[in-house]
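Below: one structure in structure tokens.
Which chain is which? They are A, B and C, in the order written, and residues in each are numbered from 1.
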């Protein structure tokens, strides 16, 4: 089933995020903490990187939304991630799982499956990661190859139906599904792939969009659209990946209704 | 008691920092290490993020000044923080405590109280953090609310008198007290609050200003003034939070006597 | 013995790096992970900061090249570093050792000597670090003073002959030796010393250049030349250390044959 989402829907969701300044807890990797926090601040949310055992769960109960990103899952952080996910579920805090580089790497893959069983509100990853995550229960496939986003739609649909999560597959066209409906966002720019954290920060922005709403499919799609349109705005002012990263934060702060109406490429 | 500090005093203190290129050890959170190190380098100091048990104390003896920031206090770093603070005291190295987000979060709150007993040379935090820190010994208040800087002046005065620290409360107007005298700096720009590390890096810059002097109140106030004036200089060249962060580092390197004379808003 | 390397050699090596998009595993310090990953992406390589025990060794077998940087060697990361270095040797993955701040600091110094015994493909450090590393086996000298690059040439030659590594000494003029031949690169800009990670990211770029070739001396020299010429290109567009860091990433992406021909200062 395909549905559509209008530019007005995206604009309204962004306005709700900004007016509520959600407190977004991020348990994320060491490489991207800075750009992740800055992306949330630019957008109008409040980041908090609370990832210590004994604090992470407590914070997940008061946060507006939460992100678990498996990019560099050190020992204590792994404990904190499970603690936070369990607390989020108990408190009704929506949360996002980003299963970075799972498949071949055993520590994070085992952790991803534990987290998956806690039913994240949303999951985002590239095609290989989504396929690897869906391998859970059917033997594990240890995917490391680069797969096209469409090739992961079956895996995403399976995950969405089994765990009740909305699943986003990143790529030149991002695909988002709740297991029944499918949306595609064709915004973005290749510079996003030359900025470390270009994908990871979207996980945090997705969490911010989950905070003020119960319509998870719409929230994940709106987050993806706003983020990738901001990338297009920034690319027009950039002379390379360095100036792109700077202009991207400016664009996340500046993006408004007119930008969304003129750029949105949603199917 | 209110005193004044002249632009000439601030200018001279900055000159002393730059001419001595202080070696500033930072035990700080994972989100802001990069911008903290870059702020120190831009200003003319030398950063060293030595925070390993077995090295942190040794380094605190040779550093010109030291910062302990509790933003993401992982297990080993907590041990290193206590080791460094004890060594700093023994060696006479001035040090700054930034009690990030204490009050509700139990691990860092307990650590903050242990560090407070080691009598930091200076303490900087927002109003809620200063109030929570002052709750030590009177039962703990677990403050998480957002308090106005002036509402924390009593708590700051109490801390300053009991522990011999100069205490800085951050806000639109920063308040600095040694328990008897009170200074207020009304420089700065809201973009600083949209750049992650905007407060944390000031803790490191404050440490740099402590290195060449024994007048702690003047040093903390001068650090705050230089840092927040640089923010105003940068804001004039920024188109958003991304370009602000870039211009801010340029401004920290460029700030000179004329900028301080024309911008300083000190009472 | 002095040899020369032509601009054409450097240009060809850069082209081979870009066309092979090497996967560069970095076990590096917390301060510079972001700028290191972004430098590799800008240049045309793919970074992966896999530094968890149980994953690091596995990844070192599939990576094109690997970096070990001792800037903030926390407990688990130290285990992962040895695991990765051993796996790299078994799999034939070239790797770079950057012995940051060894000499006085005991934890990293002991680790550096363990890693040295595993015979890194290349070693890069400042003069004090290279002299300290060469002290291994002759009693240890614990050097912390700032030494001129030329004063470390004897130590570098000793290391190169004993461990079979190509050794690069950073400075205003970088010196590179394989124990017999010596090359000097006089490119670069002082802004690189005001950007945290200015040295550390070169370690990762050096690893990227090792991936497509067996001529280690030429690869290390070419990496140094490309990196420091990019710094000169960026300095011409910068107004301070903040805008330099942005322009530097743009320059790493943009640098081409004409830039190398017009700037290369190699002896």
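The rule is short, and it goes like this: a residue touches a chain if its C-beta (ideal position, glycine included) is under 8 Å from a C-beta of that chain, and two chains touch if they have at least 3 such contacts.
Keep in mind that what you see is a predicted model, and the values were worked out from it rather than measured.
On C-alpha atoms only, rotate subunit B onto subunit C and read off the angle in steps of 5 degrees.
120
Counting residue numbers used by both copies over all numbers at the interface, does the subunit A-subunit B contact come out same (over half shared) or different (under half)?
Under half shared, hence different.
Let me have the rounded angstrom distance from the C-alpha centre of subunit A over to the C-alpha centre of subunit B, please.
Here the centre of subunit B sits 33 Å away from the centre of subunit A.
Which subunit A residues reach two or more other chains?
30, 34, 74, 245-246
Which part of subunit B faces subunit A closely enough to touch in the complex?
Per the stated touch rule, the residues are 29-32, 34-35, 71-75, 101, 104-108, 144, 193-197, 239-243, 245-246.
Using the touch definition up top, name the residues of subunit B that touch subunit C in the complex.
30, 33-34, 37-38, 41-42, 47-52, 54-55, 58-59, 62, 74, 76, 245-251, 253-254
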